[in-house]
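In the two assemblies presented below, chain A is common to both, partnered first by chain B and then by chain C.
Right after this comes the complex of A and B.
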């Protein structure tokens, strides 16, 4: 049932990458429990603008959990308390009336803070450019049904392909590793027959780029899987390791 | 300022089936070594933009790709749920290119060009091949072959899908193809850049001015052609299923630089979205049309029946879509279903707290096929519904209501996808080309990819081969002027220092459009809308409050620019809706309906594309008409009964 709530937001404010940030607490009264957490930030920002104070900058776009644009730490958890969801899919009904909610940007060396809750995740794109694709020029594809793929394999590939590139796994990892993200792409393509020809090159190059970007190593904490809004399983990291070893052996 | 623009659609002649092939054969080519000398600016990296950037780079062109998102993978195409049509006829259910063509042109209520729509249907087949080769994990059957399902407005199963995330998977395919070209050094990415002006030199599109959204810096980019793939303008309505940052700024600024804007009043309202719950609401969420395959839409027969749905016995329910449209039933096209939903709610039979909702009920299918069947097909959609509403749709029927979802109108383009400004090409939802007055489900992805993968790579070469392009530098006076214009515009927004926020203006504009330029329109309402929009625009420029300044990340300033443009475009939408004195597709004029309340077209007077020219006076755009000629199909009354 819908109810009215009062919430305190303790938010990381940082005007730019070069100025140190700090937490500032705001109170918002009488908001509907049906509201989303990002809508609460919208409401706060409207109040701040009216008062002549700088609004809180945060990234969001689809607001339905699919684009991967949103993301920050909510009470220390990437994306927030409800697991398997992005920040934009957290609703106030899942918080307690009167609660103080702490919001801070994803913390990782490879994700520098730009402003307030906004970080730079372009490192993930550079990893994709290093090999997250199947090389097939437009127009050169055979008939789609000429490559039958067993349903189970297609489903497994899909489970991996569902990654939205939000970077929560990195933020949750004590080593700030991007292993879950990278392994999801490697597993997706390694599972499919179309992905075979570039299997070796792909894993070697993507892993190399991941290291270059300053992401840490994976030491099996499993925090990544716990926060992943798309429930990408940590077993993909095992697949990536296998693929990597296999690639090294074949060199 | 009106010029003697003559609209030449460049539609080839001859038999429909061979038009595109013959046209391609006649297009001039650029040699591989010369391709390297051309730079193409691709703006927007959704399905159309990413596929165009990848394909053009593969051919050897230099591509610069711009997007407002932090990563090109996040463009709004990603949100498309249900699927993509292709006339593969893998099911042997009688599908064919002709049938897809016919369904699409009929679905668009005979307000699109035959040749364009036929080409789209033809290319649909290649798209699926391309995407599968890229590793897109489409749904498959146990035999390992591709699965399909049916969608609104069709009697065959031709919609390919990837769970409820087809757009995401197709976009990741196009994005990965583009990233491969980034790696190869042929595409340079410019994320977090917003195009704020088009630079036209000697009548040719030669560059763009962007704002770097992180630093606020204005940047000039020179190119030999500009390919606009910036999506639709549905966010003019404020509440819509579009991503929050989707906007019309790029197309609108091009319009003001001379590109004609076609059929701006053709905006699609999707029947199945999660209803509005409160005035804080920031956007609406679509529930895929594919759900109508297995869900049944109903309301109580009695007005004001407040019993919970499971307490309303079968014989007191009105399955109104099945009743009104027995052949298509719950799969009636979007415009028709939306109006039917509105009608029952207007009668006072709507459900939920606001009375502006109907049920989408899966209990019959769950009983017949089991919960697992539903989970596999629509699991993520059900989950999304539960996250947003806090209700479990496996137990209680979903509540849905129509919301703004897509815009068929857009910049006018010829058969080569070139606008009225030479060198400015427009692809995907940003153009007006293929969906007429109403788009059928699972056709947006198809069009975006057809334009990007298979059309622009051919037609842009012909433009280069036929055009002399003198060298220009960013020091050219046209760039300087454009930079100054944009700078002035931004400074003005910041200097008003009034009392109302961008969000407040945007909401108000949305309300005007929804009330008067929404699902049903009439002359009087449209006149009121025009008045109100003008007033609101004036207030905007006198009472807007934008925090911060220009030289930093400032999302409010970004929004202010976009809302300023929506406030102008909105007037054109209303003007177009007022001038089109007929009902067709999504454009329903209450004065023009059949006795049983269906759209009444007027082919005698309105069988044309309305392409509007900016004259410098927003209230007086000049209308150019491109007559629509039907040589192969006969426009009929669109019946789904």
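Right after this comes the complex of A and C.
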């Protein structure tokens, strides 16, 4: 049942990386409970623009939960209350009428705030770059099943490859560790034949880059898995550690 | 080189291996101390004397154990230090998402329960290992009457209360530490990880309860 709601948004406003931010509370009346949280922000921004105030800056792209662009903390949980979803897939019906919703950017030294709810997540890209290439021929698409891969292995690799790199794992981690993201990338390629030639140096370089970027260490709280919009398991963190041990033995 | 904690992953290997070593020591230590409850003071003293008879070997084991403690604490402090560096600006509102999260009071307080345990271990070693030497004759051999020392210490109610309190901290430390050490070494299994995650509660409770029984028993009956 669609109903009309009034919501209060307590949002982190920060004009630029060098100016300290603060929380500002806005009230939005008579919005549909079937709107998404990002649509609520769109409505707020239209009102702000009409009043001549700067709109709330936030990242979003596909708005169907698959691209990994959006993300902030909603009432203290990365991406918001409904598990296995990105922020764009949270709907107002899952909040209470009259509720104050706190929106705060992902916080980590490696994720500096650019403006309001937008953070710089390029540290994750640099970790990917440190992982480097894989040895496959480019050109036209290869024939299907030209490289035989057992179904279980293909499924496991796909579980890891489901990572959309949104950074919620870092945001939710009490230590601001990027272990779930990095381990998903390492496990994905380590499981597949195409990932074998660079397997050893990939894990060493990606872990090294992760540490260089200033992420914290994993203390196995498992909070990352609980907020991951793609439900990626901390099993992958264990795989990353095995890959790392394996790499140390082979040096 | 391989285990020197330079990378975030290696740091956890060191913490996990030393943690498992200390865990094994704690289990053995509990069974040794249950000898206090046999009813015959000679049983405990004979065992202590037997260990002492290893001489140099025992000294080496003691130094090894101390090294495990130091490496465990050092690697844990590195993790804790990195945690503060990695998020200098904390959240105004933060809560666990629940569901499959393993974030518990136990996991959040590892550093604090660890510091309490460190202070305890120092006190404990001063009290017993370097405590007064009471000689006693058992089976015609002169040995240290450790049993008498333990009874003396635990007839002080304050010592019993402190000891019991610290063992609750030990239980909390092991509740997260037990499964976390295995995960840190890469031992994840879809079937067994839930078993040793949940089993960690039983292991922690059993060890804490075992150590709690001893001083209370000594206070009440010896």
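A few notes on this one:
FYI, the second predicted complex is superposed on the first by the 242 of 251 C-alpha atoms of A that agree within 3 Å, B and C clash if a C-alpha of one lies under 4 Å from a C-alpha of the other, contacts with A are read in each partner's own complex, and residues count from 1 in each chain.
The definition used in the following text is that contacts are C-beta pairs under 8 Å (C-beta built on N, C-alpha and C of every residue); 3 or more make two chains touch, one makes a residue touch a chain.
Bear in mind that the values here come from a model prediction, so they are computed numbers and not experimental data.
For the composite obtained by overlaying on chain A, chain B and chain C can both be accommodated side by side without a clash.
Legend: residue contacts after superposition of the two complexes on their common chain; A:175 is shown touching chain C, with no touch to chain B.
In the superposed three-chain model, the partner touching more residues of chain A is B, compared with the other of chain B and chain C.
Of the two partner chains placed by superposition, A:28 touches none, neither chain B nor chain C.
Figure note: vertex chain A, arms to chain B and chain C, all at CA centres after fitting on chain A; angle 160 degrees, rounded to a multiple of 10.
By the touch criterion defined above, A:49 reaches chain B but does not reach chain C.
Using the contact criterion defined above for the overlaid structures, shared-chain residue A:226 touches chain C, although it does not reach chain B. Within the superposed three-chain model, A:142 lies in touch with chain B and out of touch with chain C [touch as defined at top].
After overlaying the two complexes on the shared chain, residue contacts for A:150 are found with chain B alone; chain C is out of touch.
After superposing the two complexes on their shared chain, the closest approach between C-alpha atoms of chain B and chain C is 18 Å. Residues of chain A that lie in the contact sets of both chain B and chain C are absent, per the superposition on chain A. Of all residues in chain A, only 2, 15-16, 31-32, 34-36, 38-39, 42-43, 45-46, 48-50, 52-55, 57, 59-69, 82, 85, 89, 91, 93, 114-115, 118, 120-122, 124-125, 128-145, 147-151, 154, 157-158, 161-162, 164-165, 188-189, 192, 194-195 touch chain B in the complex they form.
For chain A in complex with chain C, the touching residues are 12, 23, 73, 75-78, 83, 102, 104, 107-110, 172, 174-177, 179, 207-208, 210-211, 214-223, 225-227, 234-235, 237-242, 244-245, 248.
Against chain A, the residues of chain C that register as touching in their complex are 2, 7-13, 78-79, 82-83, 85-103, 107-108, 110, 176, 179-180, 183-188, 190, 193.
On the side of chain B, the complex with chain A involves touching residues 51, 54-55, 58, 69-74, 76, 78-79, 88, 90, 126, 128-135, 137-146, 162-163, 165, 168-169, 172, 175-177, 179-180, 182-183, 189, 191, 214, 243-245, 277-278, 280-283, 285, 384, 387-388, 390, 453-454, 457, 499, 501, 503-504, 545, 547-548, 552-556.
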